[in-house]
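What follows are several structures.
You will see chain A twice below: alongside chain B first, and alongside chain C after that.
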Partner chain A sequence: MRTAAARQTSLRTTERPRENWVSQIGSFLFVLPYLVAFGFFLGYPIVFGATVSLQHWNPMIGSGGWVGLGQYLNLFNPSDLASQQFWQALLNTLLFVFISVPFLVGIPLILAYCMYLSPWKSVFRSAFFFPSILSATSVMAVWSWMLQTEGGPINHFFGSQIPWLVRQPWAWISIDLVTVWWSMGFNLIIIYAGITQLPQSTLDAASIDGAGIIRTFRSILVPQLKSILSVVLILSTIGSFNLFAQPFLLTGGGPNNSTMSVSQEIYNQGFGLNHMGSATAMAFVMGILLAAVSFVQYGTLRERRG
Partner chain B sequence: MELSARRIGLSASAVLTALAGLAVYGAQVNAATPINISFWTSGSPAGVTQIVSEFNKAYAGKYQITFRAIPYSNETTVVNSALTAHKAPDIMEESLTFSTPYAVEGLEMPIGPFLKMAGINPKADFPAPMWDKAAVAGVHYVAPTDGLPTMFYWNKAMFKAAGLNPNKPPRTLAQFVADAKKLTNAKKGVWGYVQEPAWPAPFQFPSFLGQFGGTEANPTTKKMMFNGPAGVKAVQFMWNSIYKWHISPQNASAHESYNLFLQGKNAMMMTGAYDYASTSQKLGKNLGFSTLPVIGKKEADFLGQNYWWVFKNPSLTPAKDQGIADFMKFFYTHSLQLAKAGVLPVWQPTLRSAAFKHIPGDAQQAAALQKGILNPLITGWGTAGSYLYNNIDEALLNKMPIKEALDKAAQQMEQTLNQPTA
Partner chain C sequence: MKMPGWKRGIIFAILVVGSLFMVFPFLWLLSTAFKPESDAFDGHLIPGHPTFANFASVLAPGSSAEVLRWLGNSLLSAIVASLAVMVLDSLAAYGLARLQFFGRKVILYLLIASLMVPFIAVLIPLYLELANFGLLDTYGALILPYTANAFGVFLLYQFYTNIPKELEEAAIVDGAGKFQIWRRIFLPLGIPATATLGMMTFMGVYNDFFWPLVATSSNSMRTMTVGVALMAIGPYSTNYSLLMALTVFSMIPTFIAFIFAQRQLMQGVATTGINL
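Moving on to the complex of A and B:
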């Protein structure tokens, strides 16, 4: 009996690793399609891009020879025009991020709360989300007409002659205004969904304790939505760093390159001047910077959440 | 035995008939397999699709053109990706500036032999400005397909209201300024002319530069020449219209001259012929349309355009080359269809035809083609040109002296265009 039991135990122990192994293989097979897609569409382009950034690379004919870190070092050469353009574009983009992100988080937060309190939730939800589904080209075409200095409806309405798209700071104000109008709907829906998930009892208790709308917003809503707001903040920052269509179609990067974004500069280098090596080096520097900013943002917000 | 012999005979004749049938079918299949020629364009497909369709019908079984219109906004990306994947089209049609890098990198076939095969004499069959200046290092790789000149538009109703002869547009600088002053009522927001710092400056500046006898750059040495006296005079005219003569508002947005023109608040504009259809639709008989007035010393206007070329594809064979040549000839001889679709052909026999001259607006554009000027054929000109127009913007916003702006643009463009491909 003892021998039979021992044999059975030994069988079980030898079967368990096999079962585990089979189970792991099964799990791996479920992940495999994603891994293949990840490797093909993300891993390979990143590795390929890294190799391109270490070479002279003309998109029409391919490699023109290895230059090591030459493309990266060139970005720090102040006498090089491409380097000057890159840093100016980076500063422009940072300026846009600092201006637009607070609005892209703050306005949807306030509107989502107003929407939550309003009896016409679905109407407002559709109305605010609608611009997000429009293509960049059509949105920018309409706004570039609306913001014209002489014949634009906005200046006509206010009886003014503000050079919205022609001079600074108006060019940045216009780009930010259009960006917020166009893309806040997505953030608004996320935040609104977060508000609807808050326990009603907490809001009711605040109401019984005499908290008004503003106090409830400040002391209950915002603290409880911190995790959602941190996601919205990071997504908005990444989205703002990738600024392209708005200055490209509204101001053409002007006046005097003051609204030229990094993405546009990378595009010009790669596809306009065929300097693909330099363009990919710029893209990697921007990617590293963006990862660092997101990391700091996420770390800070996580610490605060405690 | 007799039966079996008959059977054998019948079987043999059946087999022979079947084999003969197969042979005939095979021959038919071979004859019906056409040579496939791929043709991409980033230009307007208007009229082209019809010509391609007619060619495919006319040469059914011999050649088959596979036509694809690619978006203008990302044409370089699409074509370069196709080149990298060895899937470039046989014939590509894009604007001239985009063709230059492919010629410089040795990816295009010289176009001369194709034109010769087609019996086309480019010097006689195309407007001289569109052929003579379209060579890279002395070799012609491209041939023009359509043109888009810079034109002069005026509102006849506004001319009449200002006491001017609506059928006598200004032809000289003095007439232009005098008329514009009469047409301007700044208090009411009505302008004789609207000079934007931004678009359509890339059509206007090369036109005025050419009129003052200047050129943009030397394609061989890549030395910028637009910052000479002619360039200064060209920008000076644009600046004067805003700040000296006050015939134009300050700070006009890109393409604002067009919007104000449609609203009846701008009497004259100088821009590409691309606005003809919409302005003609809106203003009807009140639209005046002609070649540019002479602001400088002679007639000249910048030409927007499309050219085509043949990529050095391994699939090219003498038979395919002949097919390409036949298609080119067919395209040009049927180019009246382009004109009917609103695209300006460049085939001289079409331009001279009575049918063409009856199409509204086309005779004026055809006249402009003969005085046209092109951008220099330098790789990266389109992108590097943004330095030029950024600095002209600064001058027209009165933030920088004209000469300084042009010198700065020249220095920036020379540095950019002389960089090795990195």
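Moving on to the complex of A and C:
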């Protein structure tokens, strides 16, 4: 009896808490194929990129010698042309984040609430969602035609002569308008899903209490949706920071480089001028900035959720 | 919710105006695609002389637009990449969610951290790496990098952790190994989530512009998105009838996906937002 019991406990201690190493290797094999892909196409490029950013690098020749942190320090050299362009592009991109994110969160929030209160929900939802599954190039091809100064449908419709894509502030207004048209539906779907997941009673109770639509929106809906709205805010901020295709294809970064985005600047440095080392240094600075922004935003989101 | 009629009317009007704003560019897109070039600027929504000539010349062999080839490239890379992602991510998510092995936690944190890395940060090193492998301007470059994204692993990870333990234990009693448990329980039960992941990956790869722009260089290896962009700034830059016809053509797979997989796509978007 005693030996049997002892054997049982010993079996338990060797088997339950920790599997033996053969079995662990068997389990690891499930993750291995993905990890290989991850290592080759994400892990290695990050490490390799870090070393490239410390060297002069021309894609034809390869490394042109180590420069240490020189290319990072150069970004803080105000007399360097590439550094001036980088900071200008970063400012442009920040400006875009500030003028696009409020619309990308606010408009879908209002529309989602309207949809919740309205019949034909699925028709409206489809209409608003469809543009967000289009490619950047289809969207920009359509809008570069819509926004032509001479004879473009928008100017024709309003009987105006607005230089949408070639003068400021119209160029930013156009890029903002197109971005909202293109990606608003994505946020709308998330917010609408959030509203339908609220306990039915919260919104109904408000209406029984006689709260109007706007009161309910302000003092019930928005506070209840806080965590979803934070997610939408984070995704939109990151998306807007990664601005590339809209100015690249609509304005070419003009007029006068005023809509040049950081991504396009890095693209020009790397693939236009073949300065891959300094372009990678710029990309890493931008990557760190973006990671910091999303880290801070994730942090506040966590705190709010408690 | 009870509301007076005029409030209902305002809400409905907001939505109708909003939807018209969303649809308006499509109407012009279609209208221009069916107009001869001389009518492109006539300002009429209904084409006065409707024609298929734009589509014919966009698709004509020997035009600088290799439209069918581009479409084939885009479809092939999007399909292969999404199949690969579904299999790799499903296996990895099962391993991470249900099995124990050394370093599991470290791998999870590594994958979470990787979600914060913006694409621009790896663009150039990835380009140089593929150049080293001799894979630039091949299908390898158009497919392989998409398999590294950790998004799908988390999507399925969350789905798999919610599958009841009892199902698994019953299978263990029946003597099923880990692989069989994955194949017989997790793979089939995970089909809704995996289909969503597959659809999202397909659309992501089909629509991607930045990576195929730098990863391909020959006209015959371009994808649909890059092809449209090059024609828009090149040969079609002044001929909007041809550009709109090409754009309509490039949207056909998107339309099909929208009609048949709208629910999966919206589901994917909604869960992305809610699970974060």
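Everything that follows uses one rule, which is that the second predicted complex is superposed on the first by the 259 of 306 C-alpha atoms of A that agree within 3 Å, B and C clash if a C-alpha of one lies under 4 Å from a C-alpha of the other, contacts with A are read in each partner's own complex, and residues count from 1 in each chain.
Here is the rule we go by: contacts are C-beta pairs under 8 Å (C-beta built on N, C-alpha and C of every residue); 3 or more make two chains touch, one makes a residue touch a chain.
All figures in this text were calculated on a predicted structure; none of them were measured in a lab.
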> Between chain B and chain C, positioned on chain A by superposition, is the outcome a clash or a fit?
Replying inline: clash
> So, does A:Ser144 touch the first partner chain B, the second partner chain C, both, or neither?
Replying inline: both
> A:Met115 contacts which: chain B (first), chain C (second), both, neither?
Replying inline: second
> Between chain B (first) and chain C (second), which does A:Gln24 come into contact with in this model arrangement: first, second, both, or neither?
Replying inline: second
>> I'd like to know which partner A:Phe271 touches here: chain B for first, chain C for second, both or neither.
In response: both
> Once the shared chain is lined up, is A:Pro247 touching chain B (first), chain C (second), both, or neither of them?
Replying inline: neither
> Does chain B (first) or chain C (second) touch A:His56, or do both, or does neither?
Replying inline: first
>> Residues of chain A touched by chain B versus by chain C: which partner has the larger set?
In response: C
>> Let me test your reading of the model: by the given contact rule, A:Ile228 touches which partner, first (chain B), second (chain C), both or neither?
In response: second
>> Considering only the listed stretches 78-86, 114-122, 384-392 or 402-410 of chain B, which one runs into chain C in the superposition?
In response: 78-86
> Intersection of chain A residues contacting chain B with those contacting chain C?
Replying inline: 57, 59, 144-145, 148, 150-151, 271
> Which residues of chain C touch chain A in their complex?
Replying inline: 1-3, 7-8, 11-12, 14-15, 18-19, 21-23, 25-26, 28-29, 32, 40-41, 43, 84, 87-89, 91-92, 94-96, 99-103, 107, 111, 114, 116-129, 131, 144-145, 147-150, 153, 178, 182, 203, 206-210, 214, 224-226, 228-229, 232-233, 240, 243-244, 246-247, 250-251, 254, 257-258, 262, 265-266, 269-270, 272-274, 276
>> Which residues of chain A touch chain B once you look at their complex with the stated criterion?
In response: 56-62, 64, 67, 71, 74, 81-82, 144-145, 147-152, 161, 163-167, 252-257, 268, 271-275, 277-278
> Which residues of chain B touch chain A in the complex?
Replying inline: 74, 76-77, 80, 83-84, 101-102, 105, 107, 189, 191, 194, 197-199, 249, 251-254, 256, 259-260, 263, 265, 379-380, 382-384, 386, 390-391, 393-394, 397, 399, 412, 415-416, 419-422
>> With touch defined as at the start, can you tell me which chain A residues reach chain C in the complex?
In response: 18-19, 21, 24-31, 33-35, 37-38, 40-46, 48-49, 52, 57, 59, 110-111, 114-115, 117-120, 123-138, 140-146, 148, 150-151, 153, 156, 181, 185-186, 189-194, 197, 203-204, 207, 213, 216, 228, 231-232, 234-235, 238, 241-242, 244-245, 249, 262-263, 266-267, 270-271, 276, 279-280, 283-284, 286-287, 290-291, 294-295
